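Note that the chains take the letters A, B, C, D and E in the order they are written out, and that residue 1 is the start of every chain.
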Amino acid sequence: MFDTALTAKDLWFLAQGAGMTILVTAISVFFGTVLGIIFGVIRYQIGPYWAAPLTFVLDIFRSIPLLIQLVLAYAFLGTVLRLGLSGLTVACIVLTLYTSAYCAEIVRGGIEAVPLTLRRAARSLGMTWGQDMRSIVMPLATRVALPSWIGLALGVMKDSALVYVVQVVELLKSTQILITRLQEPLLLLTICGAFYFIISFPVARFGGYLEKRWSND
Amino acid sequence: MIEIENVRKSFGPLEVLKGINLTVQNGEVLTVIGGSGSGKSTLLTCINGLEPIDSGSIRVDGVEVHAKTTDLNKLRQKIGIVFQQWNAFPHLTVKENVMLAPRKVLKQSKAEAEEMAVKQLTHVGLGDKLDVYPGRLSGGQQQRMAIARALAMSPSYMLFDEVTSALDPQLVGEVLDTLRMLASEGMTMICVTHEMKFAREVSDRVAFFHKGVMAEIAPPAELFGSPKDPELQKFLAATH
Amino acid sequence: DKLDDIIASGTLRCAVVLDFPPMGSRDASNNPQGFDVDYCNDLAKALGVTAEVVETTFPERIPALVSGQVDVAVASTSDTLERAKTVGFSIPYYAFENAVVANDKVDISNWEGMKGKTVGATAGTYEAIWLEGKVKEWGEGEFRPYQNQADVFLALSQGQLDATVSTVEVAEANVKSGNFPGIKIVDRPPMVPDYVALITLREEQGLINYMNLFINQQVRTGRYAELYKKWVGEGEPAKLTVDGVYR
Amino acid sequence: MFNYRFQWGQAWAKLPQMLDGALVTMKIAILSMVIGILIAVVLTLFRRSNSRVLAGFATVWVEIARNTPALFQIYMAHFGLAGLGVHLSPFNSLLLGITFNNAGYLAENFRGALKAIPDTQSRAGRSLGMSDLQAFRYIVLPQMIRIAYPTITNQMVWAVLMTSLGVTVGMNSDLYGVTQDLNALTFRTFELFAIAAVIFYIIVKIIQLGARLFARRLFRY
Amino acid sequence: MIEIENVRKSFGPLEVLKGINLTVQNGEVLTVIGGSGSGKSTLLTCINGLEPIDSGSIRVDGVEVHAKTTDLNKLRQKIGIVFQQWNAFPHLTVKENVMLAPRKVLKQSKAEAEEMAVKQLTHVGLGDKLDVYPGRLSGGQQQRMAIARALAMSPSYMLFDEVTSALDPQLVGEVLDTLRMLASEGMTMICVTHEMKFAREVSDRVAFFHKGVMAEIAPPAELFGSPKDPELQKFLAATH
């Protein structure tokens, strides 16, 4: 079963695909989280009524297949607006917004989990809204939100397998390219799945551990 | 001096404060008693501007609390407040809880804030709990920490909102002792409380609230000895 | 216009499908190779610029073009009237004959044997559109479009498909390679040769004009035959003209 | 820059075909959820059981489902299984892939929900003479489903969205597959996929609304 | 008849039952008292086989509870048990709570089970709550429902584990009245309780547990009147 045409070069090719997966994930999760925090805070701060338009827009990103989001964004930005964006750019933009839509929910949940009485106490001490947010809300909300956020980041990594539609050669796509040439689907797919698993599993476990630890106190 | 003039306040259709007039002199200890929902807590949160008022005015040291131009954050530095629910910041140690506001709000140096924190915590009898997280403290200790936290801002006034009602009976004493100590040091205080014995011993005056109205206000001997308001008479009869 | 833009920018970006040997594939170092890749290089050379090959799948060729990812697609694009509503076609630069390829274990001796069987082809290709139409016409059997040529042959070799229609070139290359055991070429379906053209944006008449002349020159100079020999093998390259009509 | 001409008419004309696709999408989503929930319950029981083999099997399932891309799982269901001699049609491959994914995620959530139900509940059932399985079936399970209900709804939405991955295994009758087919014919990518997006959005909203109404009937306590 | 012979039981290193011998006759009401952690609850759960025992034997109507061959599910049908924590099934109405086991375990028809449920619920005074969800009931009502639920299986024995200790004082009476009624109807009962007055009035015998040992057992008059065991004396002194 280890009699294979797979060469070191091919493994390097796979590794490059994996690198692309990680790059896309890292960029999207980073900017998506920043945006998500901003959206989440806004949604919490201005109340459900005024936030309705924002909620609606973010909800769209969670109600349409990512594949369609990518195709549409690619077609719209390119075909309609004629912006010469690379596939990688489009992939990162879409995944960033996608991430931010989920992240906003997580952030809002985290903020809501901070007892109002604590925030009143902070304001009574003369702390400004910003100081309250930074010193009280952020540390406490983070504890609630971090496990879900880790889940989200891993989800985005797995979903990034779809960016092949905008011509980004990430891990799964590079696996398919090798399958085309080497015709060893089972072996190659197993390697590919194992790679995702090796990144995802320990991090997911770590998230579960954090959740357990923080829910105890 | 805290001057409250004809303050009215509603939550939606519910009028919670129906024109309150009250002046608290510097150095005075005022106790507020009254039934549940009579508006006591609301009055306190209006005094430090956490809740807006509908009409009337509240002045603290001559500054109009609810004027648009007032810097509330600055004003709140001179009005310490401690609530019924324990409000320890769970992610900070006891010392850090107390140091937080002085550092962020007063921009004190770490050393300065730490010195003050240790001083105030020792003052309320928590000198040995400095580096403990609040989760490890009893309710009474958490309330004393909240008092120290407020005191660390060197406030001119302290407001206490039923600080002992969420405590087990055996823990009430230690917190009341702390309040007594503050009163004896000349702090200007408004204490909302259900502890009649405490009100009688410590207060300069006692105010009785009933359904958003300050029905009676008098020195404790008079108010408890010969209550005039019929509702107050009922209230005292029920609590004895 | 685009022609000027390309010359000014110094690069020609071509969309090429790389799982479509011998037209496009990857070598042992996973670099692009094939007829289309060379054709793109030739075009770039004629323009005096450098070529940049952008890999696309069949379904994604046109979006990549229309969205400005690439300047032209050298990607075996069949010149259908429906598509010409959206993009601009050059004259044909290649013509495919198609072949029916079947799994060894299935009893199919000619193209009509596909009736009632499970058949498939690469989504978005000429043969897929033809085959899907046939399956609808027969009213029995099943048609499955896969995302790329490799998946089609993988499915065929695994026995998930009974037969497929693909270009003769691809069929022969795949049978010969031995990568897909258990498949055989059985027949030529009665399809009009699949004329494929270079495409660019519909309104880029200047570039289309240039490409037409370029294709003409490729045939005239013998480069077309040379590339055919290099990638497809011995024999006559397909004629690019249709009798009895002007282009 | 903005000289693209929208041709909605051409795309609109395809709406009936796309709605047929939407039905197939719904069918797969619903089937994969019903089967997924059943399997998730069984996996949950396995993970609670004392048998290491069963518990191990369930854990492996859950971890693979949660830690690899759904696209990978669906691709495996088609081409991977075929490598082992099991041939599934695109419909069944997609159904299997999504069901596998659903079951894994749901089993994990059920485990969390289970923790929220006090042990005393099943003890009370046992002491009324119920067997372990009866106590689970009639006492624990209904409460577990209620706690996990929001996640079940979410997973249902996910199942709908995941059907779009069927094209990788030759699926062309679901909403995404139909759209892609039409796109190959006309290349009105933007218009066609925009309509598909709206249909997906409406399906998701219907599911969420339906789940809320259903919950009101289901959970009256 | 329940016969307990030299039963021993440990949780890990902790020996909770250190050789218990006890026989409960049909129609007898036995009350068990004792300090927290003395093993009372453990004994009850060993009697209906919810907990395994380490050695000794328990026989109910001559059937060895902890024998491998015993069908525990069947045995448990004749031993009703009600716990300290309210164990209402929150997803079922009061009536459905009571009907569940008769239907699923005894395979009764719906009509049969319903008749029995209404009868037992009326018996414990919940005839007007049949279609209410338990979440709407007070703790006392939930406990009475749990009793009706156990009774609906027509058990020969009822075990009660401090059924009133998690209740507000004003709700204790209604549950104890239900137990009194059962006792007067001749049900064989073992009641673990802290309610000394109840124990004194209702029991035929009272057993005192201390650290896993049954330190004393006697009719209530004797046990409360002239306790012999020094620990029992301490215990009674503390609870009076």
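Going forward, a contact is a pair of C-beta atoms (placed from the backbone, for glycine too) under 8 Å apart; a residue touches a chain by one contact, two chains touch by 3 or more.
Since the structure is predicted, the reported quantities are computational estimates derived from the model, not experimental observations.
Student: Among the other chains, which touch subunit D and subunit E together?
Tutor: Joint contacts: the list comes back empty.
Student: Could you name all chains that are in contact with subunit B and with subunit D at the same time?
Tutor: A
Student: Please state which pair of chains has more C-beta contact pairs than any other pair.
Tutor: Most contacting pair of chains: A-D.
Student: Of the other chains, whose C-alpha centre is the longest way from the centre of subunit E?
Tutor: C
Student: Of all chains present, which has the mean Cα position farthest from that of subunit D?
Tutor: For subunit D, the chain whose C-alpha mean is farthest off is B.
Student: Averaged over CA atoms, how far is the centre of subunit C from the centre of subunit D? Could you give it in whole Å?
Tutor: For subunit C versus subunit D, the centre distance works out to 37 Å.
Student: Can you check how far apart subunit A and subunit D are, centre to centre, with Cα atoms defining each centre and the answer in Å?
Tutor: Here the centre of subunit D sits 20 Å away from the centre of subunit A.
Student: Go ahead and note the Å separation of the Cα centroids belonging to subunit C and subunit E.
Tutor: So the centre of subunit C lies 82 Å away from the centre of subunit E.
Student: When you check subunit C against every other chain, which residues touch at least two of them?
Tutor: 63, 66, 154
Student: Hunt down the residues of subunit D that sit against at least two other chains at once, touch-wise.
Tutor: 79, 83, 189
Student: Of all possible chain pairs, which ones touch?
Tutor: After working through each pair, the chains in contact turn out to be A-B, A-C, A-D, C-D, D-E.
Student: Using the touch definition from the top, list the residues of subunit D that touch subunit E in their complex.
Tutor: Counting only subunit D, the residues touching subunit E are 118, 120-121, 123-131, 134, 138-139, 142-143, 146, 219-221.
Student: Under the stated contact criterion, what part of subunit B meets subunit A in this complex?
Tutor: Going through subunit B, the ones touching subunit A are 45, 48, 50, 73-77, 79-81, 83, 85, 87, 89-91, 100-101, 104-105, 135, 146, 149-150, 153.
Student: Any idea which subunit A residues touch subunit D in the complex?
Tutor: By the definition above, subunit A touches subunit D via 60, 62-69, 71-72, 75-76, 79-83, 154, 158-159, 161-162, 172, 185-186, 189, 192-193, 196-197, 200-201, 204.
Student: Can you list the residues on subunit C that touch subunit D in the complex?
Tutor: 58-59, 62-63, 66, 82-83, 85-87, 118, 120, 123-125, 128-129, 132, 142-147, 151, 154-155, 158-160
Student: Using the touch definition up top, name the residues of subunit D that touch subunit A in the complex.
Tutor: Residue list for subunit D touching subunit A: 1-4, 6, 63-64, 66-72, 75-76, 79-80, 83-84, 157, 161-165, 176, 189-190, 193-194, 196-197, 200-201, 204-205.
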